[in-house]
Amino acid sequence: MPTTKLPVGVIGLGRMGRIYADAIAHRIPNARLVAIADVVQGVVQEQAELLEVPFATTDYRELLARPEVEAVFVISPTSTHREVVTEAARAGKAIFCEKPIALTLAETDAIAGALEQAGVFFQAGFMRRFDAGYAQAWAKIEAGVIGRPTTFKSIGRDPFCPNPAFADPAVSGGLILDMAIHDFDLARWLMQDEVKRVYAEGSLMACPELKAVGDIDNAVVTLAFEGGAVGDVEVSRNAFYGYDIRTEVLGTEGALQIGYFRQTPVLTLTREGVAYDMVPYIIERFLDAYVAQSQDFVKRVLAGDAPAVTIEDARRALAIGAAATQSLHEGRPITLEL
Amino acid sequence: MPTTKLPVGVIGLGRMGRIYADAIAHRIPNARLVAIADVVQGVVQEQAELLEVPFATTDYRELLARPEVEAVFVISPTSTHREVVTEAARAGKAIFCEKPIALTLAETDAIAGALEQAGVFFQAGFMRRFDAGYAQAWAKIEAGVIGRPTTFKSIGRDPFCPNPAFADPAVSGGLILDMAIHDFDLARWLMQDEVKRVYAEGSLMACPELKAVGDIDNAVVTLAFEGGAVGDVEVSRNAFYGYDIRTEVLGTEGALQIGYFRQTPVLTLTREGVAYDMVPYIIERFLDAYVAQSQDFVKRVLAGDAPAVTIEDARRALAIGAAATQSLHEGRPITLEL
Amino acid sequence: MPTTKLPVGVIGLGRMGRIYADAIAHRIPNARLVAIADVVQGVVQEQAELLEVPFATTDYRELLARPEVEAVFVISPTSTHREVVTEAARAGKAIFCEKPIALTLAETDAIAGALEQAGVFFQAGFMRRFDAGYAQAWAKIEAGVIGRPTTFKSIGRDPFCPNPAFADPAVSGGLILDMAIHDFDLARWLMQDEVKRVYAEGSLMACPELKAVGDIDNAVVTLAFEGGAVGDVEVSRNAFYGYDIRTEVLGTEGALQIGYFRQTPVLTLTREGVAYDMVPYIIERFLDAYVAQSQDFVKRVLAGDAPAVTIEDARRALAIGAAATQSLHEGRPITLEL
Amino acid sequence: MPTTKLPVGVIGLGRMGRIYADAIAHRIPNARLVAIADVVQGVVQEQAELLEVPFATTDYRELLARPEVEAVFVISPTSTHREVVTEAARAGKAIFCEKPIALTLAETDAIAGALEQAGVFFQAGFMRRFDAGYAQAWAKIEAGVIGRPTTFKSIGRDPFCPNPAFADPAVSGGLILDMAIHDFDLARWLMQDEVKRVYAEGSLMACPELKAVGDIDNAVVTLAFEGGAVGDVEVSRNAFYGYDIRTEVLGTEGALQIGYFRQTPVLTLTREGVAYDMVPYIIERFLDAYVAQSQDFVKRVLAGDAPAVTIEDARRALAIGAAATQSLHEGRPITLEL
């Protein structure tokens, strides 16, 4: 049924962009990858051949000018989001934008304004919501399995120190915004409540090279929710053993734990003990979630449904991250203005 | 690099055939799905549109006649394998054939003869060898992690009683051949040894409807290997809790356990205890292995490498299953002629 | 309430005897250790002081002659059981006897005869029945949680090659009788059925020093039950990674798995992967079961209840083991005379 | 060797006192329970008979006056600790005192003064340090397995709402002091560092009856350590699924996770999924640790070694708890004066 296939363009073909492009080209039955854009000529050419895309360009504006492109995935660097999304909105495209939408509330508001003016469909990327584990947890909370949530906990640990150039807070927003924004979005989504106050502590002990750019490698953040619940979020760069993503919600009738460790279903038993391997990194953990997220966007655009994750959702997660970062710098709890 | 894409035809579009066709169309970068065939006109049409295949037919011979088809996946019913594989061999195609190749050694030998005469590439389907867990286990055994293997154990449990029409031994070969053939192949592959003697016990207690066709629902089989090792294999239809596939190899320096239970990474903790969900069935468990198996076939055909699983491998697994079935009927251990 | 304390004597103070003596002296509120006996003078003296036992002797007959001793634990070598139990029965003592009661059915029958004549309370030792895991599994089966049992599986693996002097089949009964007798007792108890036919395969690959005494180090045994169910039991000496005891019962409505691996509740995560330690050996795994078993005996004697494990239970587990050993030697299935 | 048995008196025979008394009477080879005291006459009498203790009294001063009593376990209510410990110190006894030593730093200092003046051996109770899991984790950190610790995390969840009378902050110190003091001790011990700053958030959502006494039922506390590391501690009353005690330490080379869920080694698999039971409460989880802690005290007193946990350790854990409680009340981070 070719008439129901959404013609999609992908802007930005870095590591994540190629994953989205591949998913749209091959994994999503009701989408068709019709155009790609990236500033690097070689990447554009290679991907165009590999994915057999009819239109490929180094100028995303050309992609936006194509009438057959009905929806775009904006996977370009965060610093370009405002411009690209604004242009895409003007061009009347349905828009998916990878997280983070922006590093400041002001920029987010500017994007929100452009979207509102254009009246286009916009969905923000928070792929964890589309992970089978997180989705099942949300459904169980919704179904009342754990009663009223009282406590939120989330851990996000990367398996290596980042390149200081990318960790530079001017580029990444700093450790908390860069990593914990996923956890802050989960906090809102799973607790079905808003965060009203945060307090953060941080340290730099494992990645000394980050000192030059003024970033830290470990942080803990406490959360107080509007409805009375509490929580804590921990992010770290030094889980050198693997990619460690876990969330818990405790409620008045039970608890849920989301996440897993073992990557390959093999247990090795020797005189040294019992051992197994660990999830290596984000793609091994969340590839299916990225595909499901893309599929969800396509389905909603085709059906005319509301977006699963709005610009306001993105704004609020950012607001929590910004407040936590402020708390870290000022050494005091920060109350959010909602 | 379009020149390196292997043009593939798929014959047989039942549940498994559609999975292979989808994998070839979308998941395998160096293959191209150019033709499909199935006896059911509606299925052919639907899949041709869905997968955008240029050539589709209800007569597999037409597919074999297409010169652009260089390789075929034979996923049609077992009873058709001999004819289809023989014709494909005559047509000079590289052939992948889903398990079981045949239900008797005589038929397998006939197929082997046709293949030899034609001199075509042939790979038999045993997808578990391409599962990340089984593959890692094999590599660890190869690397000597557990020393010399002394004991092989395998469990294969289906989550439901089959339709008696399909479980009819005339169609399926009977419970042991139908289910344990995977375990017998693993036994040879992981132990790097041949089975020399088998003994089987069976029972019918959970699926009384199988009595009419003369099949059983549970069996245990002991194995004695040429090199001295021992083993046992258990297959069952009544794992109504889920699809339970597990293998262990014990050696002189350690042991390996392959398999897993939890499907979704969520633990639910309530007053009733701790709970999680179970792997539902074969596609949830082995989809990635099917894709990897197809990818492996394509890669070998393109590279001119030897097949990963030969007709002789298929024959030997079948021989073990046939001997175990004979043991069940005759109530005595059966020694295999190798 | 001193009047309810059962005055107990322990005969045999080897490794297991000392564990029973300590349990009676300290862990069982309604028992009192009043006498001990062992052929080794030094051990008797040491334990008498350590446990503060009023009467200690190197001649168990002196212990049996003490009128204050109401019950005895016979933990002496298997070869002495017949004599000691017979004497204890004549002396009118309530008797607990550690497994195996005897290595032959003839000797078991002789003991049974002596017990019957004396009319004393006798309980055989099969401590796994008193393990919290096995006990909970039994209760769940009894409650119908898994429906009607269709398949029994049990694994018993020791973490080292035994001293050939102890593994000598003349002393131990051979690998199957020495190790699998626990599993055969569990088979009868958990399946609530009798084994009617067995078939065994064995090998010697990991402990070559056992060749001199004619024993093997690995065996697999299939079971066919009176009521139609099937099963398999595996025992091994070369689980050098730890003490690996596991049992499964599959039924028409579900399955139970009993056993565990991790000894200490610590998970270590490093670049090498995730690791934990393994259960070292029998005392770490079953100490609580030994205490519970002793407690159960004492309670039953005091209350005048029937024994939890009878001489007939011991005889039937032995009969399965003897048949499996015969099968191993004769290369054919053996049907049990019940 | 009776001369090496330490003669011990136990003061306070509530639930915990009876556990200590039983451990000393039966589980610790080099201790002898020679005297017990409790204000309730019936309890004293019952325990004296049950444990066969030669001296029993309702006036602990009489116990302290007995010259044969060389060491005392003070397990009486926290509010009596100052008086009892001071008297015991004056009487020259070696003293073990259950946590919390006191609810205020002033009272702790008074006790410390009395101890110093008397020059007696004093060990504070923090049984988790003697749990096999926590002890192994400490040893691994000490051995450098995880490099330099960067992040401490601990969860302590009780399976029920407490009786408001006991949760009254005037009696318990409030939720954080009552529950998290264990985690604060672990923080100092495992991180081998001092906490310098804390921030707490709390809530009351699951146990509304605590409102009357002014307590909360959930709290999260962030920790900043002197050496730069960070951490968070969470305590809750509403883990109605079971007793949930877990700790993690992340370091520059790896991580450790301490704790476990499943109580009985049985997995139940049905159409409803996979399920197991949960640790019910503190005695099931930590009985062995209480015994090991008592054994350690006895061994140190007999050997003339320094205490494992000093009054200063108790004081510092209390100081963290008091600061966290202050943070909760004042809504700001509190810096500890060390």
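Letters are used for the chains, namely A, B, C and D, taken in the order the chains are written, and counting of residues starts over at 1 for each.
Throughout what follows, a residue touches a chain if its C-beta (ideal position, glycine included) is under 8 Å from a C-beta of that chain, and two chains touch if they have at least 3 such contacts.
Note that the coordinates shown come from a computational prediction; the quantities given were computed from them, not determined experimentally.
Farthest chain from chain D (centres taken as the mean of C-alpha atoms): B. Centre-to-centre separation of chain B and chain C, using mean CA positions: 42 Å. Centre-to-centre separation between chain B and chain D, using Cα means, comes to 57 Å. Listed for chain C are residues 239-241, 244, 253-255, 262, 269-271, 277, each touching two or more other chains. Chain contact topology: the protein chains form a complete graph, every chain touching every other one. Interface residues of chain A facing chain C in the complex, by the touch rule stated above, are 239-242, 244, 261-262, 269-278. Touching chain D in their complex are the following residues of chain C: 1-2, 26-27, 29, 49-50, 131-133, 136-137, 140, 145-146, 253-260, 262-271, 277. Against chain D, in their complex, chain A makes its touches with residues 148, 150-151, 153, 155, 157, 197, 199-206, 217-224, 228-232, 234, 236, 238-241, 244, 250-255, 331-333.
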